[in-house]
């Protein structure tokens, strides 16, 4: 029992470490890009990591009520990805993330 | 709560976190957005899902567990869709595959699809 | 924690001083976070004990995190979220109507060339 | 730990607020029926005025009244505590809104109504009333935000491009202001651990040497000074007040800045009097600068509405002067002046709107001949001009005299001088407008002339204006009532024992 | 001042205003003949006040009134002694004649009714001014005269000259009014007295007070502007733009004497001091001379009269300044005389203008035969003005020289001044009274005659008065001169002078004056030339100065406003945050409210540190994002980090909400930005960046220090304990935060959802409302209706 | 984003989300959640629905205009506060009634009513914004 | 009939997530479910699959297994020091034609090893799939055809 608890403690710390690592990696991807979808994907990944984080903290503190937060986050995370995909489409044709050309073309297409 | 469950939970969260980390790594290492999607949509989803279920088990009451399961189910439902939307959108507006790509049978009319949206 | 609040404020103010509305917007979002953290901190910090009573009894002895600042911040979050949304759309319209997001160029309400009022009678 | 059941009369404390919100929600639900809305809104505003009047009467008879929401004994629940200052300003605001509501029926077109002119108006009144009535500082912040967001809504309800620009500046700067308020409140909570104003007033002396009180108060001074458009943080007002529909400007001029002044009075006089004394001289300087800058700005304008905007600012300066003195005379002068300013500025904007319709524009350079084409409008405007310049026998005169006397009492010659000079400059400014746009005969081309003068509707256009102007004259000739109220109000502010006792009847707190 | 008895005086004081309301209607009914009806009002007033004559002549002082603003110790109270009574009689008496005269002069004028009501309003204000006892009541009426005169001068508002004159009068007298107000309030502060009657009983209370000079200067500021003393005289000649009745009434007989009235009224308490007895004579004398000299230069009768009015006012001020008994008597007599002859002469000028079509003495002449009555009136008034027997002016002149001769300080110089002044007035008087009537006939209009009775009645009666009052001088003295002099002097005075010349210094001086006058009259044309050349040489006058003042004020204000309100949001923001830094840091240092050294932060576990690091990273990447998407997503990062922090510090609800809100913010940003082309990367020059960075760092430091200071205080957690204790037991909720939100502090949430709702509506409107290209005024425009 | 795949799944996703939102609303009084968060979830549900299947189906589904719903919510919350006038206690006093249903005790309270009001306000406001924006970017 | 079934299912879901099964709670869940169905009534026309709950669950389990496998595959790929990828998009000729089935198939393909469905052609004939390893497309196509597509057809025909 005791060792089990200790084990759990260790596991929690280990997984927190892993999650922090993946957080940082994801952040790097967000900053590095290079393309818009990459960043969005990274944000999606960020949500997933956050969910994991919440869950682990929930286990650590024994407050299982965090499960709802995790679920809700999953829901809106999905919404976010959808919205961003929508955003990519609306922004229209791009070669790479040279924004001005991207947005002028987009402005021509949609505005007015 | 008996130690078996505790150990189970411990293992699950470690595995889950590991998967998440793998996904993150994939995000960094894989060449283009489409390949990265593989990592995110599979490993990422699975990772968070496992940890969530672990939490459900650790809670030890059916309500929480069922909620956790429902949540995971929801993720499994949404993950492929977000991947699909993202990929489709990116492709539609012309984000090309990486040079390593060997084949592309997708019709090249991003703008058509795009205008079909509107 | 206090230092983090400082960083938040510094970044927020810096963004506010920009002349691009979009940056000011980002500043607004960060500012509200800064304020929330500030309230949170000035309500003193306690770790990991959410102010949620175990359903069965009214335990008075247990020290939970200070619930009041949390409530205040919740209200503040909601309000600043509403404002953020409004400002965002406002910026959006401003860009549409005034064809710029550069506040230097937004001179419709107070035009550059204000004529001197008539000096006669 | 639970308060006594509330007498029905005490419900007056919350009534104006609840009424505004209920009607606001109702009007929102019938948003699309643009014809119907005025028929709900205008009687609703009339009822609001009655409620406010009843509340004022109640307070005058029984002294400050408190209702603690959810019957959680203060300081735990949110208390609404009303003294004469709050009730009086509430009533004045109600009257201004009533006039605006009527005027809006003619001035705001259907899309304006469809997009919520009346809901915004009521919610703004909710914010204003809440701010005047609440006895809890965080709750005050909430009502500030309500009226702010509602004002945003009103601000963009128009059709000019300048509006978006003005709205942008207004929005961001005001956001900063309210955020500063929130920050200050966060610190305040950190210091006192309580939010009930009376409670803070009780606990303040104990903290005086320990806590950074003066810094806190100067932070509040900045936040509220910005809301009140005091120099040097007054930019947002001239940048925005001339952009929206005239009726909206009128409501803003009548309501918004005064709430800032009120909050500043509440915080500095009731909560932190000692700290206020320390900052008194600073406030006096701010007051002087604001008065002068306002008057000069008014002199510098070509556009009616911008001119009025600056007059609002110099009025704020006058109120700050009383606050700087913090003597019975000074505070009563400020209260009186606030009432006067709310009425007269609203009226001036409304009149300006009609004048612009009559003369075909807001520029004093081009507009002309109104005296010939619309004598009645001109007469009313002239009264308002003299009132705003502080000439007798109109409402602006008495508070100005009181404030000058109060300044002389404490030997603040220069402040008295500045007040008088401001009046002088204002006279020149409005005198020029009168000479140029009213007396000067119209060029005869496009602008209205005696023959084909623009017809103004006696009901929706003149009635509200007439109502307010009548008040201006009546208060000017019979100031006794208002003056008494202001004096009692200032006593209650400067010595808030009744205020505190109405919150903590049995003196202690548990 | 305690016993307040109801009184008809109140009604009488309000009567003109009441009449003013009905004047337009009456005029619409009876055309110009309404004058007869309206004249009843001043007559009635005259009648009422004359009923005080017996008491007052017995030296009594009648006071009465009502409480007006007890809260501010302001009463509607009147003080009727010789001074105010004389003024009241002049105002009502001449007022009656003026009303009649206006009926004739403005016959068929479209706005005659408006004119009547303005005149009546002025009459009421002037009556109130001279009779009021309470300081503030006095000031109210003082300002009312300014306002009404503003309206009357601008009556002919279509002419730019009248508009300018009106504004000028308003600005000058209004500015003076501010001085007066300050003076009166200061007196009130110093003595604690707010009633004239009480003040007059307190001898020396003011003269000895340290504030005497301040009070003196302020009161003079009021008096000199109103009574057009040099160099503030310029508004009065310009006021001649007003219709002649106005000039006759306001700008010669009554209003301009308000300043003199003030000086006379306060003479007992402010007089008898060195300052008083030097400043007043100097200004008065200068005004006297300059007024006459300027009058010489004119050919327009009204302007000639106007400038002589200026000099007469100077004379009055001068005499009041001496304060010796004779001088006061002289002032009193001259004031009465002047009101009569100057009023008459103005009406004459108006009549000539009205009939002959010009008021230029060089353009009209030889009208004696065709307007005999007018001529008679003019001639008589000119005699009085010249100080010749048997007219009232003669008495005044004699008394003036008598008074001058009793002055201690340089009597010779002052006498000389008086002789020159009087001599030149003699000239002007006759120039106006004789030139149009004598010589060969010339007039722009053909048939010239006395015109309707309304036109000649006024001057005639005034001329007769000048004669009668002089003939029955003992009566006049008994009822008017002596009581008034008594009031001015402050102790009993009785006037004796009569029209029977008695050999003495005064008579001699009069003769010298007359001689000088005759010589001057002969050389009038040459003197006029000389003056014209002189003024041309000077080329600047206070009148030009006024324009320069107004323009200058406007220009300065314009530039100042341009500086403080440049219209650039960036500037506004910068100022705001600089002020913020000052507002926080300065008090902190000044009042030693600095925090102690920060205790080492509570041991943070590695993941907390990591989260904070991530937050910081997110912030920085928001700052340095190349493109807006990176910025937005980074925003999401820091938001998530904050949410996780909340969770770590035991605030699940917070992190719950924070997660939602941050994600939604990012979503909305994305949705809204589908169309925008915004470049978040800032192109500011490095210098600006550094400045901004400094500002923001300082501001942040301020907040941090304050936060440190606050968190170092012991915390009072009573409220939270209370909530924790009763959340479940009474509010039936385990989640304390939510219970606070919906129960303990439900009112906050109430307002909060109001905000949410309004924000929703506002955003909807923003998105939907179509803007039109800028148009000056909002009009109902169907094109604004949106599609759905 | 009317892709076949998304369009097919979205309705069920959003219905599940609405379900969840109500759950969060109801249990808010005892555990994290409450009207605001519940409202946000529901609003996101409608947003997803709108993005997937177009705005007009959502509008028809809601039947009332979202802003009207928000107004009703605010009204509801206010009434919840005003109810206490009948029991002679101050504004916003929580009143509880326990109705036995199927042997269970169903606890109703003005506090709950208030929270439901919050829920509706948030749903209404956020949904109307989302739909308006969506319309703009598709028209 | 189907509607009622769906409704009951929703009610059950509700009971499940609220975590306590009681008449009252179930009734409430049922009402909620009705409300929810009302919201999506337009799409309910295509609700034709609840009858096959049994096979669905078996399908679901298979799918879970595949998911884990694929995750591991990804892990291996990512962790392998030098990854030699042959990614690409290929078109897959669909046998299933009903919207729902296509959707299901697409999702499952996405969640299974190395493949990710990008889009469905306008005429619903082709499914465009992105694969990490396009070295042997025929094999991959065959896997899909005999794997999920067949099982789906079993489950819903």
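In this document, chain identifiers A, B, C, D, E, F and G correspond to the written order of the chains, with residue numbering beginning at 1 in each.
Here is the rule we use: a contact is a pair of C-beta atoms (placed from the backbone, for glycine too) under 8 Å apart; a residue touches a chain by one contact, two chains touch by 3 or more.
What you see is a predicted model; the values in this text were computed from it and never measured.
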Steps needed, at minimum, to go from chain B to chain E via contacts: 2
Contact-richer chain pair (by C-beta pairs counted) among D-E and C-D: D-E
Far-end chain from chain E, centres as C-alpha averages: G
Central subunit by CA centre of mass proxy: D
Cα-centroid distance, chain A relative to chain F, in whole angstrom: 26
Centroid distance [mean C-alpha coordinates] between chain D and chain A, Å: 47
Length of the line joining the C-alpha centres of chain E and chain F, rounded to whole Å: 61
Euclidean distance of C-alpha centroids - chain A vs chain E, Å: 69
Numbers and ranges of chain B residues touching at least 2 other chains: 23, 25, 37, 45, 47, 61, 64, 67, 70, 74, 77-78, 81, 84-85, 88-89, 117
Set of chain A residues in contact with two or more other chains: 16, 19, 23, 36, 40, 42, 63, 65-66, 68-69, 71-72, 75-76, 78-79, 82-86, 89-91, 110-111
Junction residues of chain C, two or more chains touched: 16, 21, 24, 38, 41-42, 44, 48, 50, 52, 55, 68, 72, 74-75, 78-79, 82-83, 85-86, 89-91, 93, 96-97, 103, 106-110, 114, 116-117, 120-121
Complex contacts: residues of chain B adjacent to chain G: 19, 22-23, 25-26, 29-32, 34-35, 37-39, 41-43, 45-47, 61-64, 66-67, 70, 76-77, 79-81, 83-84, 87-88, 91, 97-98, 100-107, 113, 116
Chain C to chain D touching residues, read off their complex: 16, 21, 24, 28, 31-32, 35, 38-39, 41-44, 68-69, 72, 75-76, 79-80, 82-83, 86-87, 90-91, 93-94, 97-98, 103, 106-110, 114-118, 120-121
Of all residues in chain D, those that touch chain F in their complex: 3, 5-6, 8, 10-11, 14, 18, 21-22, 24-29, 31-32, 67-71, 77, 119
Residues on chain D engaged by chain C in the complex (per definition of touch): 138, 142, 145, 149, 152, 156, 161-169, 171-172, 175-176, 179, 182-183, 186-187, 189-190, 238-240, 242-243, 299-302, 364-365, 432, 435-436, 440
Touching residues on chain F, where the partner in the complex is chain E: 28-37, 40-41, 44, 47, 66-67, 70-71, 73-74, 77-78, 81, 91-92, 94, 96, 107, 109, 111, 114-115, 117-118, 121-122, 124-126, 128-130, 132-134, 136-137
